[in-house]
């Protein structure tokens, strides 16, 4: 085939040096180093610095950051804004919660059933006696629900805000269902008052620390999973779907499969987060499926910075700590701050904190370069 | 990468009574069109003649109200966009549609991927480096391989998109006004590229720029109000009185 | 037959409430593509306005106190339209073309509005007022100076700090001087009592059926709103402008339509309709900080099922959802199939209001499988695949 | 083939404004960006009252971009645009329309779901007086529109839409009419009607016209003065009757 | 670097600062008021929803608790120290309740916590209080079937509200009941009890329906009531919050008045009547331990103090009274124990009596109060005419109409008995 070299356009844009990535392998090394340091800090330094209460909060928020990673995966990278992740979060939480409620002597059923005169354990509870089954269920149930829902919605090319609105409606369906089924799953009160796991007291400090470490490890694994998904060819396709979905079809890809898979993975992450969160707060209730919670999740990602995994984690931690501190200090009016934060982020920091740091950093870099060049030019040869 | 040109000519694409109407307005009106394998065909016609709608139907973006499209014996109107693409129809859009946030290299890799289903894409081993390099060379963007496509100039985007279509290794290439916004030299280079591609592909070009049409055309089809007005060599078409009336005529008439 | 009539009337009753709540949203979402999550809170403001107007009319005695509903409609429209206007100018206009961002921003606004009605008292109101007067007034005065562009940055910073400080200190002094009188919330977190005028109290018995006047009033109000909206969009100059901008914003600007004003007006009208809906729901339900939250998802469903940008679609969708809600929730369906035990059991399982909602939403998702773009989708070239 | 612009010659001819007043539109050093790429480079030209000026050039040379910038549709512009001596860079399109610039975009862009009458009424938005009556001369120019008043704009054929688009720009009686390739894809018979209409409004009503074209003959018969544009810059200009046909044709595609 | 702003930035900053100006100092005022609290104080936690759906009910309970603390402080405090309330917002979100409870105990080191309204929030904080061996005071009537060592319940147990009211209805208003409730635990449990009770006493449930919390469309329910009770009957109503407003407005709109369809509500008190509008409720009934119109000297004092503190238009109600009581009982227990140490206070609380607005109440060893049951009928001014009242009723946390708990009781003063033991 004949090779043709088109002439360069006259008005060619000079590519700034910053746009060219540094060597990928070196970048990867840096990233791995930072990650290891952070994990070590979280596991060994944080417990000595923070009080038990704050450490527990940190653990919870780390669990929430796993949902944020999932949201970032579908929203930041794939452009699907889900307002229904509370459902998947709660499903994961319920799966583990059921297992915890079944840590009972033979023949007993969880105490709340007596409130409604239920004497026989409903059938779907039985598999949750098994921890392996529970562990799989925490991941798979949300993933399967998401895959089914995602398939129904995505198949019809329902996108953008319609997708968001439908996912929001899903939260109402699940909320009402879980809320109404007292005799099956204890309704509004949810599952609470957990005592033991693996025969150990869930409220003991050793157990709490173990759960905390598990959470840290889970965050790292979730981060690595998302990193893997978003970095390769697969990740490119996600970005392509976000930017121009019809074009992707003409490139020979069926976006449906990709979107369903990513949605399911993201739901699975939410399920894991829900399980870890439930373990640390000691309660899972239909409230986790209420509309506001799912929207808050999106806000974490928006604050941190879309399409940035670090941003998602950071956003989840910062927003939740801010919410905790604000509501402690201004219990009566902290909603003003929360609402204000949403507005502020959308209007002033459209790319979130990470985006802001990036642009500021780039500007600083350019300024420094210019300055250095000027110095070099003025200095006598 | 490229299939050998067939020795015997046979029809690769055929449309039968293709009709598309939007709210009563007929964008295509009983269009009968056929293309032989290995052919380079140029389709011209005034704005609103249905050229882009024609490509929309071929690529599955628009479903026809009536009629069939046979590509390699399969009816395309029943297939979805990506199925048509996998079957071997590649399309370059009128305004370049490249993935702005992906680099030039990534854009090409995405199109080169041999198996485009979900799991093979995720787990498949990819040795696409050499092919990508070769393709970058072909479209003259080797020096910009890591630049986000959104930062390319208009002409470069056009080239990148042509590259993406070539990467799909289609049997039928659909090029919709691919030299719009290019300089003379770029246009000329594009023409050469298309001619070299034509040695191994069937190509359908939709064009406006008559200089360019003259450069590349072997056989020209004129569309008018959704159906074929006439077909022939560039000279034939240029001198056809019907064409002169609807298309070129406005200018000749005054002279 | 009675069953059918009963279902029909009750379904329509439920549907019209949904419809009137969704009308404003249909405008804002359908015509402007803005996802206004604060729509419910605008309804809430409308309901609070009704409460205020009602209390203002109460001391006037008969017959005036029973006519409050009409000025309340006007006032609710005005108040929410103004808030909508402020919202559009202050927030939405920076976010056109980014529907997901409007969704998040307006969610923030909805939180602020909810807390606002809980917390608002004289101190807060006067502080906000004082700040607005000082800051924007100062801006306005100073911006007429010739050297304004040079001074701008500094003056505004100074003005900001100064008016903040004055508002803060003023509020503090006020709070200490008058104590409870000014620090007591106007509304507080509790629900407020809005009572329908006495002439809306009864109803019309039709055979076994009883048509409550409030319901009939809301049905009439909804019809009036739709007709008014139709007339406005089709027959007035501003309506024409709105339709033009909806179809082609850039070209509308090029023929001289002030698109920003059109945006603001469209949003204000959508918001004003939310206010009117607020009056309507105050006759049926609670008036409290959470009033709006109860409607937001349902109204979005109406718009989505109807097909965006189509008033007729919203109407049909609202009535359809209303009837489905009633028929499932009241167990009427089970009565229709008395001899099919499995079906009856299933239907009875869903025959509480709570589970009916689950069922209706599930049906909506199923419906969208068949008609992904709603009942009356936009046709033609404009639709992107 | 590129030659530096003969500025002396340009000023000389350009000063031949009919009544000796200043330019209606004066563009100096206009630069327009699309994202990061510079589409229009340091463009300067003038249009005098009553003059018909044509901007020639092939597809993609920046002609349409220039018109959009003049109309205020593009944000990333530098340089100066003065209308009747007043800089209008910072005014939005609707202000410019009301100031007296009518715009007929490429592809017509009529409002498909408004009737023909409503399309014309919308055009009146730019009219200085508040009356909402479609002036008679419109039906005089395009008689066909009167019979289509109640039809939807989207139902008209291409040529009819083009006439409607021009009529829509004219109802407000602008001082300057910007026309972007009005012949594109239009049947010859209608092109002749359009050409006549444009000539009439220029000659009879004194409307200045800025025409963007890639077809030589149409431009030649309509315009008094031409500019030739290539890759975002002006490379040639002069009165149409002194136009060096060969050289200009070399830069156009046909 | 030159400081330059564009218009938009300044506008945004202006808006922010405006919000700050309006709110900031308000916070500051609130926080700086207890100047007396800066020395040696005893901290107590107040944990209710100040935002979210439950704020409607819970904010006035906070008012009552603050009033009691203020009165106690004015009278010299507890053990010679002032009480410093630490207020936290549970935000109608149960995990948040658990979080804030932990914070109050671990970070603020409060002596005790007053709080919660919904059963769900109580269930959420229960493990926290149990694992930390701390103490919660809970002021709302609830479904029973619980008796924690770490909670004192000062609202009514079912046998102090629901059961007597059902008996009264059977005696006076008819035997056919339609049960309406919000879709959550209390109404569902309450209705389970009512059904068991009616079965035992010869009544009949003709239908029941549940509304999602916050739902205001009750047309299907009214339609069902009309179908099930064509000639009138009793509506037993355990709807909560917003739904009540919709229910009574639309009930009246549909022409179902208290003459033929008398309703008994267990979640509607004076505040709710005000919010719904007295004209919709006039003639209907409610069962509580306390009404604002109760004629006791203690109540007179309570109502006056409350109005003086929060405004003449405010009303008091049963949960507020229960909240008021529990602060005083805690104070008495702490003084009896001579310390605020948890276990000592708990033991000292048994047998404490208090001359409450509703009458003389006693804290039992089963952590519940002996209370008076009253039935009120709504008057046109929105207050209640007390038309029926009992003597003090002993609380039964374990319900005697439900098979699983029949015969069980609770006694924390005896380590051998504990939270749930079979009465021999």
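Annotations
Letters A, B, C, D and E mark the chains as written, and numbering starts fresh at 1 in each.
What we mean here is this: a residue touches a chain if its C-beta (ideal position, glycine included) is under 8 Å from a C-beta of that chain, and two chains touch if they have at least 3 such contacts.
Computed from a predicted model, the values in this text were never measured in an experiment.
Of all chain pairs, the one linked by the most C-beta contacts is C-E.
Relative to the centroid of all protein Cα atoms, the closest per-chain Cα centroid is that of C. When every chain is reduced to the mean of its CA atoms, the largest separation from chain B belongs to E.
Chain D and chain E have Cα centroids separated by 74 Å. Chain B and chain E have Cα centroids separated by 72 Å.
Rounded to whole angstrom units, the spacing between the C-alpha centres of chain A and chain E is 36.
The distance from the centre of chain B to the centre of chain C, each centre being the mean of the chain's C-alpha atoms, comes to 49 Å. Along chain C, residues 94, 114-115, 293, 352, 354, 357, 380, 385 each make contact with two or more other chains.
Among the residues of chain E, those in touch with two or more other chains are 23, 26, 50-51, 183, 210, 212. Counting partners per residue, chain A has 10-11, 13, 176, 179-180, 246, 249, 332-333, 335-336, 340, 347 as the residues that reach two or more other chains.
Chain A makes touch with chain C in their complex at residues 81, 149, 152-153, 155-158, 160-162, 164-166, 168-170, 172-173, 176-177, 179-180, 246, 249, 291, 295, 298-299, 302, 332-333, 335-336, 338-343, 345-347, 350. In the complex of the two chains, the chain B residues touching chain A come out as 2, 59-61, 80-83, 85-86, 90-91, 93, 97, 99-102, 106, 109-111, 113, 116-118, 121-122, 126, 137-140, 144, 146-148, 151, 153-156, 159, 164, 168, 183, 185-186, 189-190, 192-193, 196-197, 199-200.
Chain A contributes residues 1-7, 9-13, 15, 19-21, 229, 232-234, 236-237, 239-240, 243-244, 246-255, 257-258, 261 to its touches with chain B in the complex. Touching chain D in their complex are the following residues of chain C: 237, 240-241, 243-244, 247-248, 250-260, 380. Touching chain E in their complex are the following residues of chain C: 6, 10, 13-14, 17, 90, 94, 114-115, 118, 123-124, 127-128, 131-132, 135-136, 152-154, 156-157, 160-161, 163-165, 167-169, 171-172, 175-176, 180, 184, 188-196, 200-203, 205, 210, 212-215, 281, 283-291, 293-294, 325-326, 329-331, 352-354, 356-357.
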